[in-house]
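These notes concern the structure reproduced below.
Chain lettering (A, B, C and D) follows the sequence in which the chains are written, and residue indices restart at 1 in each chain.
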Amino acid sequence: MAMVCLSDFEDYAKKYLPKIAWDYFAAGADDCTTRDENILAFKRIRFRPRMLRDVSVMDIRTKILGSEISFPVGIAPTGFHQLAWPDGEKSTARAARAMNTCYIASTYSTCTLEEISAAAPGGLRWFQLYIHRNRAASQQLVRRAEALGFRGLVLTADLPYTGKRRDDVRNGFRLPPHMKVKNLEQAFEYGLPPNSLDPSVTWNDIYWLRSLTRLPIIIKGILTREDAELAVRHGVQGIIVSNHGGRQLDEGPATIDALVEVVEAVRGRVEVYVDGGIRKGSDVLKALALGAKCVFIGRPALWGLAYKGEEGLQDVLRILQDEFRLSMALAG
Amino acid sequence: MAMVCLSDFEDYAKKYLPKIAWDYFAAGADDCTTRDENILAFKRIRFRPRMLRDVSVMDIRTKILGSEISFPVGIAPTGFHQLAWPDGEKSTARAARAMNTCYIASTYSTCTLEEISAAAPGGLRWFQLYIHRNRAASQQLVRRAEALGFRGLVLTADLPYTGKRRDDVRNGFRLPPHMKVKNLEQAFEYGLPPNSLDPSVTWNDIYWLRSLTRLPIIIKGILTREDAELAVRHGVQGIIVSNHGGRQLDEGPATIDALVEVVEAVRGRVEVYVDGGIRKGSDVLKALALGAKCVFIGRPALWGLAYKGEEGLQDVLRILQDEFRLSMALAG
Amino acid sequence: MAMVCLSDFEDYAKKYLPKIAWDYFAAGADDCTTRDENILAFKRIRFRPRMLRDVSVMDIRTKILGSEISFPVGIAPTGFHQLAWPDGEKSTARAARAMNTCYIASTYSTCTLEEISAAAPGGLRWFQLYIHRNRAASQQLVRRAEALGFRGLVLTADLPYTGKRRDDVRNGFRLPPHMKVKNLEQAFEYGLPPNSLDPSVTWNDIYWLRSLTRLPIIIKGILTREDAELAVRHGVQGIIVSNHGGRQLDEGPATIDALVEVVEAVRGRVEVYVDGGIRKGSDVLKALALGAKCVFIGRPALWGLAYKGEEGLQDVLRILQDEFRLSMALAG
Amino acid sequence: MAMVCLSDFEDYAKKYLPKIAWDYFAAGADDCTTRDENILAFKRIRFRPRMLRDVSVMDIRTKILGSEISFPVGIAPTGFHQLAWPDGEKSTARAARAMNTCYIASTYSTCTLEEISAAAPGGLRWFQLYIHRNRAASQQLVRRAEALGFRGLVLTADLPYTGKRRDDVRNGFRLPPHMKVKNLEQAFEYGLPPNSLDPSVTWNDIYWLRSLTRLPIIIKGILTREDAELAVRHGVQGIIVSNHGGRQLDEGPATIDALVEVVEAVRGRVEVYVDGGIRKGSDVLKALALGAKCVFIGRPALWGLAYKGEEGLQDVLRILQDEFRLSMALAG
């Protein structure tokens, strides 16, 4: 079977992953409307292709918060990579470094930050965190990430509670016994402790986070101009427009639609990124044309891992890169 | 089988109810366009979720006409609960009381008002009535309801004649011999007598109803700003925006769409509620955001009854409550 | 099998008619887009139902060109009724008279005008005609119709050539040997002679037609305000908004959409009717609410004939009548 | 099987062509959205049919760049006709001449220009070219075409690189060994050499092309008003609005939609044509009504070839001609 486009990897993963793992990765909240809208909204956007421009040489490199990446596609934070591939996040880190792009490691990794760092020294990585009820746990994670050379902190803002993903409830989803959420001080056994995150977090906690670290803070989960304005005022360095892959509140906006109003509100004061629904190189081009500095892929990265570990993830990134370059050329 | 969301109860009911009962509950008028539109219209409404608000404590209680309920979801009046569960409306009354919410008992109950009251003393209940050609029958019902402690009278305005529900015609729907519409003086055997309701009822009959009782009058079936204005002027205390679950005139508006214009016309002078198409907690949130004080569920309550009687109905209500609270948190 | 709504008759006809006859009646031009749009356009129109009006007595009679009919639904001109039922147009005439409504007999009837008249003396009938290359043939038909007591002449304007109905071409459609287009002087054997109609007909030919008869002239096939204005100026007494059931030019407007602009252009100067896509009593109500004086049904009448001849057609009309009355009541 | 409309030929070709050839002809870029949009966009355009006009005589001839054709449908440039029929482009040339219309021969023909010319002397033909990295190759082609009596040069502007057609990648598409791209000096074996075309071509290269030939230059692949203006300013004689059958950049505009803005920008200064999505005679009428001077068909011509070579292609053209004439008559 030739792996020609990202949906080939999706088909593979659906076929070969254990059902409980596939369901977990695929899950959207409630009716999965927003998960699917992320993709449909991209399709509604149409190019106006221009002809006879010299497209013999194209530079697709970009910089995010000052670090150069080979093309504007990074790896979004997703949990539990060992569900997709035995080496888990270590493979992800290696693939991202090999392709010279940015990998946002999740708090809910099945490898420690130290293992991730050791697997791919020198790679560009950001660390994604939640604010826990136990603030010391969060603080300790920030310090570790900074010490290990992570170059950005991504605060996820859209998960005061976990969204209702019906299949996970039906499956009674939990991690298999041999996997752990290793990054937290006392490694949780069997998946997410239900009440570890702090639902009382507010914008003021950005200041608290700021006080812990010199790393740039990127806020993830912004979907409205009002929150974009608040994010800028509270001093973040970047915004990831995201709806958590449609896994939190169902029937909110598609991210590519929300991107437009966020970019407009931000007026260039901080960098804006987007995740959700990227399935083709032309989606990347659309996001950039609408003001994103870079996009991040979630599920497609997991499909790549499921296919062949770091090699499979590189395949996914390479396909996106080729498609992105081709669509730039064809759009003029 | 895990009961995770309301459509699980729907699937169960479809599978285990006698076809004639399922068809009766599921029926919409003509092509069932409006029945289905009630649901589709909810899906077209999108949230603008806000982040980083303190959602650690949320109060979801509300008051309808002065009575507190634990969350803004009541039980809409539907007929013939014994078709769904042997104890019929007695189970409904118990479940509503257990969940501390309001139950609107239908004229076409298969238990008497007295049985319903005795089943769950102290529960918050309203009584739904039609105006019969035999006014004495209606008057007697109002008096009984008032005496039994019902705290509101819901006048259904959209059924001068019964809508054309094709499956009921095909099935020759009638109640099984052992069930009766017990509330009327001379209990009808076998379902609805075709010409018992008075199609000449007009707005002036609100005054007549007013003269019979000190209970608040809620009018059910309003879909336009014009009728909302008339309802207010005729002195009702509440309006239920409803299209009878799409069982009366097909191809009218979805209730959530009609709610917007009714709320605008009413300008806060009376309370406005809505029924039709509520299938998730986020639907409740949408209705409240658009101005409803509370919503009522019809078919989902019947599915709950069909599943496990009062326990099943409590499950349905509890799921809606949890989903409602979660969607409030996630929407900020 | 209970015949509850018009689509039950459609199902029956599809099942029991010879395929070649079913295909002929069902055919639309090209991709059948307009044929289907006629129905879809009705569904897009929504009611604003009003409540608490006295609907105990409703008068659904109306007058068209001065003749009273029992409700505003007549029989549109369609050809070859013997394909649906042995007695053909004689049955149609009897059913229309029994239901006290208007039947527009087609030039392409399989019974003569004389047979039709004799079958149901005293029934309200109009005669539909084309203008033939052989004007004497048209003139002779007009005279016969007038002499037989037909009370209107319906000139079909949308068939200078026959539309391309793919299934008819595939089937090599022609009438069976024992049926004939009996109304023309020399009865054609086997269906339509390809070049009998005159494609050079223009508005001025209305004057020619006017000179032949004192009957009111109704023009059928108008879809634009421009042509509606021309029709009025050329002195017709009525306009049937029609696209020939979607059998002529595909991808023109649905008739109910075209009705709106025609009614606006006509400003009450002549009566306006509509055919195409009427499947429920509520469609009739919509057409009347948008300005039609009466509607005509084409295929549903044929389904009724196919079911049980005149009795089946009466069933169809009676269902439409009941549904129309009910939807009037429910819409207030 | 009767061949009644173009989709009959499509069905035939899908059934009888080798899968690799069918896939190649059918392929669209990426998700095939634009390929399918070309057709859907035609369907969204509605006629406003006018009645009672004299349509007994209709002249459907037209002139393109001064040459008369029998009706406004030509053959768009498509490659590899031997994949559809053994005689390849020779059959195409014969059919076009027999129907007295224009055939645009592709650079990627499997017959030489000389063979094509010899097959149908005197036929109206244009030659389609790309600009190769090896400019001498392009120049030599232009000279040959001019010498052979081709009457126009069609420069394809939308293929700096080949679009991503997933099925071709999966199939490892290449020409069978016995076919060659014969027109290029050193005939390529096995399909397209990946880097033969020059992606650095810009508008100034029109001047270079102008310097090589006195033939009119038609630019193919324009989709925006901006590029239309540039094309006119750079002195082309004609514009073909085209998205390469949806085979290049996916999710750009449908050609019939783009036609509107191109025609508006051009303001009659040069002739405008369109290809993509023509499947019925009424599509031709729509394109002309929106300002095209003529349309070109791509895939339908290949289906005709696949059916019966030049005879099959004539069938396709004849059907389009008949449908076009009929739709003109019915639209008034």
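One rule holds in what follows: a residue touches a chain if its C-beta (ideal position, glycine included) is under 8 Å from a C-beta of that chain, and two chains touch if they have at least 3 such contacts.
Just so we're clear, the structure is a prediction, and the values are computed from it rather than from any experiment.
Where touching is counted per the definition, the chains common to chain B and chain D are A, C.
The two sequence copies chain A and chain B touch through a face in which the numbers common to both fall below half of the numbers used overall. Between the two copies, chain A and chain D, the Cα superposition rotates by 90°, quoted to the nearest 5. Rounded to a whole number, the gap between the C-alpha centres of chain B and chain C is 43 angstrom. The geometric centre of chain A is 61 Å away from that of chain C, both derived from CA atoms. The touch graph of these protein chains is a ring, one cycle where each chain has exactly two neighbours. Pairs of chains meeting the touch criterion are A-B, A-D, B-C, C-D. Partner chain A is touched in their complex by these residues of chain B: 2, 4-5, 43, 45-56, 280, 282, 323, 326-327, 329-331.
Those residues of chain D that touch chain A in the complex are listed here as 30-31, 33, 157-158, 160-161, 163-164, 166, 169-170, 198-203, 205-206, 219, 221-224, 226-227, 230, 243, 248-253.
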